[in-house]
Amino acid sequence: MANSLAEQLANLRDTRVWRSIFRSGFGPTNLHRALAVQQNVFLHLSSVKIRKRSLSFRVTWFLGTLSLGTFLILVATGIPLMLYYHPSVPQAYADMKDLRFAVSAGVFLRNLHRWSAHAMVLLVFAHLFKVFYRGAYRPPREFNWVIGVVLLMLTLFLSYTGYLLPWDQLAFWAITVGSNLISAVPVFGTKIRFLVLGGHTVNANALLRFYVLHCVVLPLAAAIFVAIHFWRIRKDGGIYSGEIKKP
Amino acid sequence: MSEPKDFVAAMDSNSRKTPVRVAFVTRRTSPHVKAHDDDTVMTFPEGLFRAAVAVEVLALILVAIALLWDAPLEGLADPTVTPNPAKAPWYFLGLQELLHYFPPVVAGVLIPTLVILGLIVIPYFKINIEAEGLWTRNRTQRLRILAVVTAVFAVFLAVFHVYAVLIPTLLIAASMFFSARSTPSPGRFQVWLASKPLSFWIMSWFLVQAAILTLIGTFFRGPGWSLVMPWSGQI
Amino acid sequence: MNRAWLGSIVLALAMTSACSRHAAGPAEAPPKAFGAALVLVSGDKQAAGVGSALDQPVVVQVNDEKGTTVAGALVRFAGAGGVIFDPDRGLTGSDGQFTTNVSLGGVHGLYRIVAATKNSSGKAAEIRIDEIALGYQETLGKQVSDIHCVRCHDSESTPERVSNHDNLIAQAHSFTDGAILNAMSDADLAAIIGHGGAALGKSAEMPPYGNTLTKPEIDALIGLLRALADPPYRPQGIFYAGR
Amino acid sequence: MSDDAKKPEGAENDAAVSRRQAFVTLGVGSICAACAGAAMFGYEFLAPNVLYEPSPVVNAGKPDGYPAGSVTQDQQSAVYIVHGPEGIYAMSAVCTHLGCLTAWKPELGIIACPCHGSKFTRAGVKIEGPAPHPLPWLRAWINEDGDLLIDRSEPLGQKQFVRT
Amino acid sequence: MSLPKRVRSAWQYLFGNSASAFGTLSGVLLILLAVVPAKDYFREWLGYQKQYLRLIHGRGDATSLSRRFQGGLQQIWMPELGVVDRCTTCHTALKEASLADVKTQPFRPHPAIPHKLTEFGCVICHRGQGAATTVEEAHNSTKSWEEPILPARYLEASCGQCHLDRLMGTPRLNQGRDALAQYGCVRCHTIKSPDGVTMTGSDAPPPLQHIADKTTREWIAAWLKNPQAYAGSATMPNFQLADDETRDISAFLIAQSTPYQTHKGTEPAPAASQDTAALQEGTSLYGESFCSSCHAMQNTAGMLVGGNLGPELTRAGSKVKTEWLADWLRDPKTYDPDTRMPHYRLDAKEVGLLIGFLSSKSDSDFLGNTQLAAATPAQVEHGKTLVIERGCANCHAINGVKKPDNFAPELTLVGSRPLERILFAPGVPHTLADYIGAKIRQPRSFGNALKMPQYTLAPQQVDALATALLAQTQLAQTLPVSLRIPGRAPSHYRPAGKAGQLIDDMRCFSCHKIDGRGGDMAPELTWEGSSVERAWLVSFLKNPNTLRPSLIRRMPKFNVTDAEASTLADYIMTVYQTPAFDQETLDSSRFTPADVEHGKELFYGKYACQSCHIVDPNKDKGYIGPTLTQVGARLTASWIFHWLKNSQSLRPGTQEPVWNMNDEDARAVTAFLVAQKNAPRKEAAQK
């Protein structure tokens, strides 16, 4: 049975339909393996071959991969959460209660989303420090470092805008405190705050703006920058795996 | 960039020819080989499996956490009642802690902007590219500069009573002085420290500082932003 | 997951032990004497709103075999359903009596509280005391009763009102008279309250209240009768009438 | 990991290869199973457990408000309350064709749908138009307070009148 | 193989290379993810629903119970009330009366109440969190919701959110609201009803502008030290003042006092009669004047006997000066224009007797150890500071001290006060109800510097006060106005003219209610003119004989003159007429003896009126209603007739049942009653 299933799968891979979608088949040879990466729009961002040393845990601690992992988890949990969320006052809070008490697995999704968000901030910071300490920011990777800093900012903004959405005391006051920081910016401070909040206080407008930023603008920007970041890894010579002492 | 170039590189028009990496040895770089290409493996499946394993470990941990602990949710937002203490998200608590000491323009704008700018310009610093030890050149002069900077900084922080920053700063400065010490048979730790460039020291100082301030803001601040112990149950 | 379970169990154990230690509170006074029997002095069959304190304290007395009072005997009170005693244990006074204030639980109905003492050989003697908690309906019934009913149906006079019970030829049933009232259905009671005694072949001294009281008030009154009944009222199996 | 690294690719023995293959199958299979499970549970998640919708039972007030011979349309709850010679009955105002809200035309004495021109009598029977069924009758009754209640949740199979 | 080796080889097998690690971890992840739907399946509420099905299984009416049972999440949604209640998900049997024997929650049926579940849901009354579906979150105070279930003893507070008026089924709420007014809570704390009416005090704190003429500084100091030591029933709280503070406040109060317009100049002060015979006579006069209708006094057994409208007089002799008492008894208004005490028109001898009697009611222990030296200006100044600090002027009129505004926190929304804003005293459980209770019971346990004084209250009163305060919620303010049952608007009815002056002079409103104004101690007089015969009224005003023998509180004799009685009677007969019926409907002169005889049969037979009323004092014993021996001289035929038909419409709340008699019966009984015009017999009244 298992054999025939495997055969059937193998046969499936040989069909025209399969080939038309995946272009290359799976196969035991390095050619197949190379094609699998090359001909996939996502995997294509990385190179076909990778330095063996850079795969060692010691080198990167996989912090970049993990950061991407949290981002994917956040997207995967965030979209279902949007189905039970209205960005309006005070309905947003009631929706939190519904997620907690009425929606099947709603509380799990929210927990996972929330904890992953914290994990992402932590991992991105860790990634930054790790990259710094192993010297991977140095030329020719200096621009990718800058993109990394931009991604750090995006991560912080994503986390921060998401913070307001539950519309509870924690959210409201964290955003009140945080947004008042903006008004400390010389000259334009209060103007920027006015624009960000869509008003003079944290209110329904602010909630809607944060919602749009959190669900559309920032994830899109992050996705684009992540793509550039990955592409630049390849272009800048692969994952930096340290200098090798001469044998 | 304005210096005259020592070489000219041109694109080869032969598209069938495999591109080869070429190293240009200029006047400003030494000719010895620092690194050479390593063994490579296929990204698929080896690299991807490893990435998948890493992400799965992460997912396992996060799912377990999500199953066991509920995300915090407090009462409905009430603009008339400020909870005491009102805290920002944890990653901003270091900033909030600074705000406790400095005026908003300094702590809320100047410092974050400087940090971001600093992070961005790091790779463009010549000194980092060289990656040589801080004390390898101009040792006395650099020591003098370090002493002055440390002193100015210490006075500044002491005036604002920012001991949470002052003490770690002094400790880092002390270890810098320690690494600069010329001892006949330096220990391995000292050798390791001495090999570190200035950027390492600045980044370490930033990391330690951010960690300490965030920890204080998260765990040691209670009602009215007063100093409390985490086990007192007031946070 | 295991660790969390383990942690919560440990925490729960720690908390229960902490609580139980707290509950023990001040060390219990050892009894100075032992009695053989407990006698109720006063305070049973009181009715009060749910969760509230009874108006009168409950007083019990400890006697020895010969029936003389025992001073310094330990009396403990206990009750289920959230009954609170103030205090819940103590030694009898020189008159052999022990007094406690009782607060009833949050559910309407009968509360059975138990007072116990131990004799010299450690055998417990106890008495059961019934108190009644009134819910919304019974409380309303009591208000109605206080205005319209008790003057004739309660044979006891208080400083605030003089009982009219003995002035009647027909002896009005006490509301606690479960032996008679339990046998009457809700409809019977509603009829006699609403139409008066004369309409049902009983004494005309019971006036009709059908035009005075509203239906909810009559229902509330019946609810009060059911709550006060002694022996307690046990409704026959009610079948909910579907639409 | 280090073992693998030392061996040349071709030297992998069959047992190792098949074991590796088995684990890969297990891994991919698990992930597929998780996705399938998520898809199945997705239905559970997407189907709301509680609804924020008005109750299907509508209180239409006292029956006295509907004089004999009248047809009253309750716009809010999309029902007709008709007081015919046999008593009061309730009828859905939603056209059985494609769900448009029909309207009572007092001057013609018919119920008409604005969307595709279906017309019904006051008993809900179709006169003309594309509507496949007559307008469904709804269960109506008088509660203890004397109010007329109408249950919109399911159509009645037969005629039913409330006598006042 | 040793264990570590085994472990190592197992590890190597499962995680040895990236492929096996991938496979193993995917499997583990799958299992862990399977916990998510499993956790959903073992939800608390699902467990309760299964438990319920087991419970009803095997009961006689299991079929109909299970037919009515609805599984899954249940929700009551009322957007206009802001109600999302999922309580019925677990409390499945709220409407199942046949489960009356089930005592375990969550399956107990709900006791009968006037409101339907589908009208208001659960949390509007019980509080707690309606949206929650776990026991802990729904019932207890949590981080996200600090509103726990309201304990049963305070449940009437929820009624008070809509019912701003007195409600018969909520005695505790009524008691609490009365206490708020009676103990002067609302004189310091502003408490507004949701309809915007500010609660006002019903106590009558005496003005202190002329206090020096009334009492001594020693008494003031001793009273301030502990008011309840002077009179156990005193509503003035204990401000827990130190000796030097009472000394200084008393100094200030005496210093600020100004003389009042006394009778001294015009009439000689009557001498207090002190001999035994006079004392005996004074005691009788005190009794005959029915002073105890308003004033209480301890009897020899230590029991307090009498009303609570006026102050307790057990130790009055230790308090007041005799010259002041003489003036007061002659006409209280000269000292306090707003007093509730009526003007008794006593003659000099009677005043003397009463002074003698009251002076004998002294307690040497009370003032025994209060010795005060003459006050220094510093003490007076300090006393004034204290008076301002303690807010004495909130209740008392004091020269030179204004009534402060917003002296104490406003309590309009105290029932919704966030716990975060509350500082709990040690040992007080962290719930709002416990906080309020503790605060009322022992205000100073929350800090010695607090201004709130110590009251002497029974536990039931504390619960009642907490209940009334817990009704002051935000929800009460925001509920739809259509749900509000407004309180009765305070009446400012003020009769005019000569009769109005008399009514004011005799302070009829202290006991009687007319047109919505006045006390509830005595019968309402709004339609008195329709009810009584003028001749009877005049004689009653001059010499009120008792109508209800069983009552302790009775109408005092004011010694009115003929002219005054006539004026009052004229006014009452003209103005206090009901629009409900015409006096002319029944002509009593057309009653025949046969009517009377028939009425008598009905009276004694069909209606058994004798169970509550007395017509023939030798035979009848009824004690509840007024004696009817002379009812024909007292009441008009039309009133009796309509009274028999529908008493409640003429005087809402009367104990007389609505007989709803037919016209013939009512006419006959009226005829019988109108015939009862005998003069009152003394022995009957005393029985």
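Should a chain be cited, it is by its letter among A, B, C, D and E, assigned in written order, with residues numbered from 1 in that chain.
Operating definition for what follows: a contact is a pair of C-beta atoms (placed from the backbone, for glycine too) under 8 Å apart; a residue touches a chain by one contact, two chains touch by 3 or more.
Computed from a predicted structure; not experimentally measured.
**Student:** In contact with subunit B and with subunit C at once: which chains are those? Just list them.
**Tutor:** Where subunit B and subunit C share a partner, that partner set is E.
**Student:** Looking at contacts between chains, which pair has the highest count of C-beta pairs?
**Tutor:** Counting C-beta pairs in contact for each chain pair, the top pair is A-B.
**Student:** Using Cα averages as centroids, what's the distance between subunit A and subunit E in whole Å?
**Tutor:** Those two chain centres are 65 Å apart.
**Student:** Approximately how many whole Å separate the CA-defined centres of subunit C and subunit E?
**Tutor:** 25
**Student:** Suppose each chain is reduced to the average of its Cα coordinates; what separation in Å results between subunit B and subunit E?
**Tutor:** Distance between chain centres, rounded to whole Å: 70 Å.
**Student:** Just curious, how far off is subunit D from subunit C if you go by their C-alpha centres, in Å?
**Tutor:** 53
**Student:** For subunit E, give me the residues that contact two or more of the other chains.
**Tutor:** Within subunit E, residues 18-19, 22, 25-26, 29, 33, 36-37, 39-40, 73, 75, 86, 144 contact more than one other chain.
**Student:** Indicate the residues of subunit A shared as contacts by at least two other chains.
**Tutor:** 52, 98, 100, 102, 104-105, 108, 168
**Student:** Could you tell me which residues belong to subunit D and also touch two or more other chains?
**Tutor:** 24, 27, 41, 44, 49-50
**Student:** Using the touch definition from the top, list the residues of subunit D that touch subunit E in their complex.
**Tutor:** Touch residues, subunit D against subunit E: 1, 3-4, 19-20, 22-31, 33-34, 37-38, 41, 44, 49-52, 55.
**Student:** Residue numbers of subunit A touching subunit B in their complex, please.
**Tutor:** 30, 33-34, 36-37, 43, 46-55, 62, 65-66, 68-70, 72-73, 89-90, 93, 96, 100, 107-108, 110-116, 118-119, 121, 125, 128-129, 132-133, 135, 137-139, 141-142, 145-146, 149, 152-153, 156, 159-160, 163, 166-174, 176-178, 180-186, 189, 201-202, 241, 243-244, 246
**Student:** Can you list the residues on subunit C that touch subunit E in the complex?
**Tutor:** The contact residues of subunit C facing subunit E are 49-53, 55, 101, 103, 105-109, 135-137, 139-140, 142-144, 147-148, 151-152, 159-162, 164, 167-168, 197-198, 203-205, 207-209, 211-212, 216-217, 219-220, 223, 235, 237-240, 242.
**Student:** For subunit A, which residues count as touching subunit D in their complex?
**Tutor:** 52, 80, 83, 98, 102-106, 109
**Student:** Using the touch definition up top, name the residues of subunit A that touch subunit E in the complex.
**Tutor:** Subunit A reaches subunit E through residues 94, 97-98, 100-102, 104-105, 108, 168.
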